[in-house]
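These notes are about the structure you will find just below.
Naming follows writing order (A, B, C and D), and every chain is counted from residue 1.
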Amino acid sequence: MNINYTPEELAFRDEVRSFLEQQLPADIAAKVKGFRHLSKEDHQRWQRILSKQGWYATHWPSEYGGVDWSPVQKHIWDEESCRYGVPRSIPFGVNMVAPVIIKFGSEAQKQHYLPRILSGEDWWCQGYSEPGAGSDLASLKTRAVNHGDHYLVNGQKTWTTLGQHANMIFCLVRTNTEVKAQAGISFLLIDMDTPGITVRPIRTIDGGYEVNEVFFEDVKVPVENLVGEEDKGWTYAKYLLTYERTGLAGIGLSKAALSHLKALAGRVLKNGRPLIEDTTFSQRIAKIEIDLMAAGISNLRIIAAVEGGGMPGAESSMLKVRGTEIRQSINDLARRAIGPYALPFVEEELELDYDGEYLSDKDAAPLAPHYFNNRKLSIFGGSNEIQKNIVTKMILGL
Amino acid sequence: MDFALTEEQQMLQDTVARLVRGEYSFEKRLGYSETELGFSAEFWQHLSELGLTAVPFDEELGGFGGTGVEVQSVMTELGRGLCLEPYLQSVILGGGLIAHAGTAAQQEHWLPGVASGELKVAVGLQEPQSYYNLNDVQTRAEKTDAGYTLSGRKAVVIGGHCADLLIVSARTSGDERDAGGLSLFALDPATAGVERRNYPTMDGAKGCDVVLNNVQVGAEALLGDEGQASAIIEYQSGRAIAALCAEAVGVMEEAIAMTLDYLKARKQFGVPIGQFQVLQHRMVDMSSELEQARSMAILSASVANNEQSTERKRILAAAKNVIGRAGQFIAENGIQSHGGIGMTWEYSFAHYAKRLIMINHQLGDDDHHLEQFAGLLHVEE
Amino acid sequence: MNINYTPEELAFRDEVRSFLEQQLPADIAAKVKGFRHLSKEDHQRWQRILSKQGWYATHWPSEYGGVDWSPVQKHIWDEESCRYGVPRSIPFGVNMVAPVIIKFGSEAQKQHYLPRILSGEDWWCQGYSEPGAGSDLASLKTRAVNHGDHYLVNGQKTWTTLGQHANMIFCLVRTNTEVKAQAGISFLLIDMDTPGITVRPIRTIDGGYEVNEVFFEDVKVPVENLVGEEDKGWTYAKYLLTYERTGLAGIGLSKAALSHLKALAGRVLKNGRPLIEDTTFSQRIAKIEIDLMAAGISNLRIIAAVEGGGMPGAESSMLKVRGTEIRQSINDLARRAIGPYALPFVEEELELDYDGEYLSDKDAAPLAPHYFNNRKLSIFGGSNEIQKNIVTKMILGL
Amino acid sequence: MDFALTEEQQMLQDTVARLVRGEYSFEKRLGYSETELGFSAEFWQHLSELGLTAVPFDEELGGFGGTGVEVQSVMTELGRGLCLEPYLQSVILGGGLIAHAGTAAQQEHWLPGVASGELKVAVGLQEPQSYYNLNDVQTRAEKTDAGYTLSGRKAVVIGGHCADLLIVSARTSGDERDAGGLSLFALDPATAGVERRNYPTMDGAKGCDVVLNNVQVGAEALLGDEGQASAIIEYQSGRAIAALCAEAVGVMEEAIAMTLDYLKARKQFGVPIGQFQVLQHRMVDMSSELEQARSMAILSASVANNEQSTERKRILAAAKNVIGRAGQFIAENGIQSHGGIGMTWEYSFAHYAKRLIMINHQLGDDDHHLEQFAGLLHVEE
């Protein structure tokens, strides 16, 4: 047993660090670390840098331009990315539709879409959820009727993250209503510029715009945009869902958020002393830091198991629950740390290029919005209740 | 022992409830929130016309002579509608400070306006460094021939953006966190040297930070005896805490009713999600938190206007602690039970959740009041 | 609205206090307050004092020798009893079988049993639970076959509290196996001296003996010991279960336990200062004291509602859950308060007449056993899960 | 990075596991617990014969040269059987103190016996007033011509009732809670003036309080440099904490396996109670606590024998905090899931629950270690 990295792994970490130190734009990193909004341009700028380095497609086989990292290397990349303030990767193209196209797509689809994803030419979004069907995907209602050379699509998708930036969407649609729920679903690739598509941004609790509704009204989609076989979409969707199960717990993000919190608590005063020296508050921080330390080791144990050829099981879902709870707790503490200043909603300070006087601490403005926004962590991507149901099946077998 | 409202109290509460139901739909509220004023001038006037802004004041001032229980009735219903009007700030806290500390002349000068809703008061007791310790005051009031010169900064003054009168605490003597040496001043926000940085708040209201740059005020601006304000601030903040607890209960009741409805209506995997035992028990836990909060709102209302005592302090600290914890529990679990829809701006639940969390940042959070309560533990022994 | 007692209620409280100050034996009170074991004799001695005062049967109509207290008076009695250290009433005779006999029993049963309960001549225990049927009473298997002048009873009961002291047991038995579960149950009164009955004490987690198994092997029970009608026992059992629903939350007991804890934490040292002055520990106490304050008001609200003629509803079950959690938390803190001294199991110090040197604090010895023993609070009397199911039905109606 | 045991480590663990399974049924354990010795002399001898009592010692002392990981393997399996033998007290802590602080002569004198299991050591570091602060020592060691005179009282010395050698801390200088001025002494419990008050413990083991009444010991009883014991005690307690965490994980694994079995087997209202979602999710929460505990047991084992550092202190404090919380969670929720049966003496679950709670009272509870960790927070910044 050895919980330390091998010399090769350490060398890789050095390589990652020196790349990030040299190439990660400071303005982008500052936004990420301070929980501020990133623009589409920010994401694209960073993606181009990554692509140039050959490190953008970390989950693709190398024949398609991916990078062949081991689970431990991926983990090192993830940890260092979070530490340096790399923007979270927008997964819909590179990590979601691409693996499906690689595994199930036609040769033409591979040749057309994969290079455009790598180059950043296409921005993908996901059309899975529908109003009235959150975690219960199989009950979806968006219809696609086969008219020979095209499908006619009608229906509505929702919770489409960053759909406002996207020019492509991959959708689960119902192509057959005669069979039982999961059997009549197909997987379509749709150009967002097709007539009949409307995107309506959803304003969220924090005042921001991150998710959208997408409406389809008699949208013509060429049949060549079908992935794999008609009515087999559920298989592809499931493949995608199980494709990547490590990293969901957001351990690296929690570590970055904890550092941020501790620095903040070192600046905020309570009775004239830094808040981090207050017994109550320092113990609140300590408890979370301890939980995170343990969860971090659990994460490493899962990665080592995957590295050894195993499949992550119940531990992975348990860690997803634990990890999101930890991150939410850190967000909660950060909001608490600024006391009365959690109340002001200083929208202009959410932008990094704000150059006025800060109302209070320079990092204060995004904290309450970020806390509210991150309530999503325990809801999206398979709610924590669903995760616990999954674990139940695995460990109880009932 | 009788927890029922009197007929008069029930009528009062019904009046507010009717008004809120009629004029404060969720859609209207979103609109009010986006105006420059940040609330409904019309609704405020209706509150005034029905005598509701006068509830806590003595009858000779045109008031209703209402105690903590009457205030509780009003605040709970305002909470139910997430009402944005400055009732707590102006009527309870501003009016309370003037009535408590003001000379007869000051009371006559200001209170009828406060009671009628014409004069909107905002109160600045916090400072950037004060966290929730209201004795942590750096703002100085230097005595001059004509009165005082005020310099400093008051933080997060809810309602300050549109107030006709500002009441601020300032130090006339003593060191930064001394209880002694604090004084209160009432001033016109238009006075030279008063700068306001306005902002909306997370929960849809508005407020400001107030910067005081050598602000010259006359001796008549002093509210209460010089250097003696700490106990008055503590007492009146206590009244405001009781009122805030009542508001919180109104918010929680609506949040829970909404969640219950959602559990019954929303289907997943073919059944209402309320069939899932984990969601059921969570709903029970939320309801149980509400029960605790209700009890503390009642208890704090019953002591709000009592003479100051260790027991009153204990109860008010306990109440705010319970409200803070219950509010966060209900906000977070309510969102979780709703799923994504509970996080959207267009659905009202998110706004109830935000108000509950933000109430915990007003007048001291649950940690602050736990400390206060723990500090009084030995007295009981 | 008035949360204070009326002058009449205050006068009653004074009467209760002066009675307890004069009549409650100091040795018994000390045992109760220190969570020490009470002997059968202790219970009987106190019961005789109560009976003489006419305050023993607080839930009986006055025509049978009960005392006609209002809900508020009962509450005052409960609060003061806990405060002074009155032994918990053993409810099986006076508060459980007696109301059933009064409501459903024959005239002969009333005349025979009620005076013997009042005088303490009979000590009753309860034969409800069976192995394999905890909260699911209706699935019970103990059989009683009607042989004309007697029933022949065979089977086993368990969790029979203080059955080792009892000379009478009331049992739910199955008299009809042809009908559905709840319909074939009868309510029998059985003399524990009847041949064929064996009592086996169950040692519990804390090392004590409080509950028993009771075995019935061809036990002959005269038919006149049937209460009401054959096969109608479930109705009587339900009546009993709903008979008294206030006071289950144990608010008064928690208040007494909290006082005890605070006194203890004033004596135990941590870094040379009383533990109660330690920030961490004092906040732990404070949080529970606050929760208890709120629960105490909730309790009063329920009592006032009952006084006003209402029936306690969901609030009562919620308060039972909350109240037991609070008491368990206090027990947890008391065990924590003694630090390393939670480890020694000093059985001799559990007895009040111990006159040796105490190993550590005089109150330390019973604390860990008491903590373990009181894990039962959230299990017995309708587990907290069952209570939450009940509340769900009331508030969700699903 | 590799979390798998080496083949050798796996063999070691399997050996202990087999021994425990074969000789330590629950019924036998109840019997061992009731003997005067309080454990199985035979099992202890078997541990010795297989070289297991020698695991952590250097090879030249007849040891195995085992690190934290080897100790972890042994302790986890002993935990699984709720074994009562003084492995932690004598082999890990007692042996550790002698190996760390003893002179070559002292080591030669005592360690072979400890490693072979023939010499049972018990360690008294706590006192009635010390709570969990091991520097809070009132016991005095006064220098005499021949050595030292010890007076004071050591509290809750697990295994002290049958120890062949006692190691105690005493103050040779300094004030009550000073780190400086602490010394360690090794003495025969039969020495005049040593009084033991023996008792069983809540979790079925045995121990004693040791009263020292002017106990005369020679200079050779001093273990390590005079006045320098605090750091050694802290370091060796850290090793014991790692071992205790490993034991706790074994206890938790059994407790969880038992609860899982119960949920599948036990029926209520016609279905296995494991069908109830609330019990399912509770089971998941318990398993998740176990995962956290496992991770910290692994991490603490990996640093147990490292040089002292802030990071080692942080990890060991964190580990004990996690184990304490997880243990209580699993104990309490396991009982709740079992219902009444989980509270009976005759069913083993209750004993697993008791051990988990009592582990939190050894070497500092979760609150104590949270404080320790919080005190080191700023160092990270």
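Everything that follows uses one rule, which is that a contact is a pair of C-beta atoms (placed from the backbone, for glycine too) under 8 Å apart; a residue touches a chain by one contact, two chains touch by 3 or more.
For clarity, every value in this text was computed on a predicted model and none was experimentally measured.
A.B. asks: Quick check: more C-beta contact pairs in C-D or B-D?
C.D. replies: C-D
A.B. asks: Which chain has its C-alpha centroid farthest away from the centroid of subunit C?
C.D. replies: With centres defined by C-alpha atoms, farthest from subunit C sits A.
A.B. asks: Just give me the whole-number Å value for how far the CA centre of subunit A lies from that of subunit B.
C.D. replies: 38
A.B. asks: If you average the CA atoms of subunit B and of subunit D, how many Å lie between those two points?
C.D. replies: Each chain reduced to its C-alpha mean, subunit B and subunit D end up 52 Å apart.
A.B. asks: Which subunit B residues reach two or more other chains?
C.D. replies: 276-278, 281, 370-371
A.B. asks: Specify, in ascending order, the residues of subunit C that touch 2 or more different other chains.
C.D. replies: Subunit C, residues with two or more chain partners: 279-280, 283, 385, 388.
A.B. asks: Considering the complex alone, what residue numbers of subunit D touch subunit B?
C.D. replies: Within the complex, subunit D contacts subunit B at residues 276-278, 281.
A.B. asks: Enumerate the contact residues on subunit D facing subunit A in the complex.
C.D. replies: 1-6, 9, 69, 260, 263-264, 272, 274-275, 277, 280-281, 283-285, 287-288, 291-296, 298-299, 302, 315, 318, 321-322, 370-371, 373-374, 377-378, 380-381
A.B. asks: Please name which positions on subunit B make contact with subunit A in the complex.
C.D. replies: Within the complex, subunit B contacts subunit A at residues 126, 128-129, 131-133, 136, 155-156, 158, 176-177, 197, 199-203, 207, 209, 266-270, 276, 278-279, 328, 332, 335-336, 339-340, 342-346, 350, 353-354, 357-358, 361-362, 365, 367, 370-371.
A.B. asks: Inside the complex, what are the residues of subunit A that reach subunit D?
C.D. replies: Touch residues, subunit A against subunit D: 1-6, 9, 72, 262-263, 266, 276-277, 279, 282-283, 285-287, 289-291, 293-298, 300-301, 303-305, 307-308, 314-315, 318-319, 321-322, 385, 388-389, 391-392, 395-398.
A.B. asks: Residue numbers of subunit C touching subunit A in their complex, please.
C.D. replies: The contact residues of subunit C facing subunit A are 279-280, 283.
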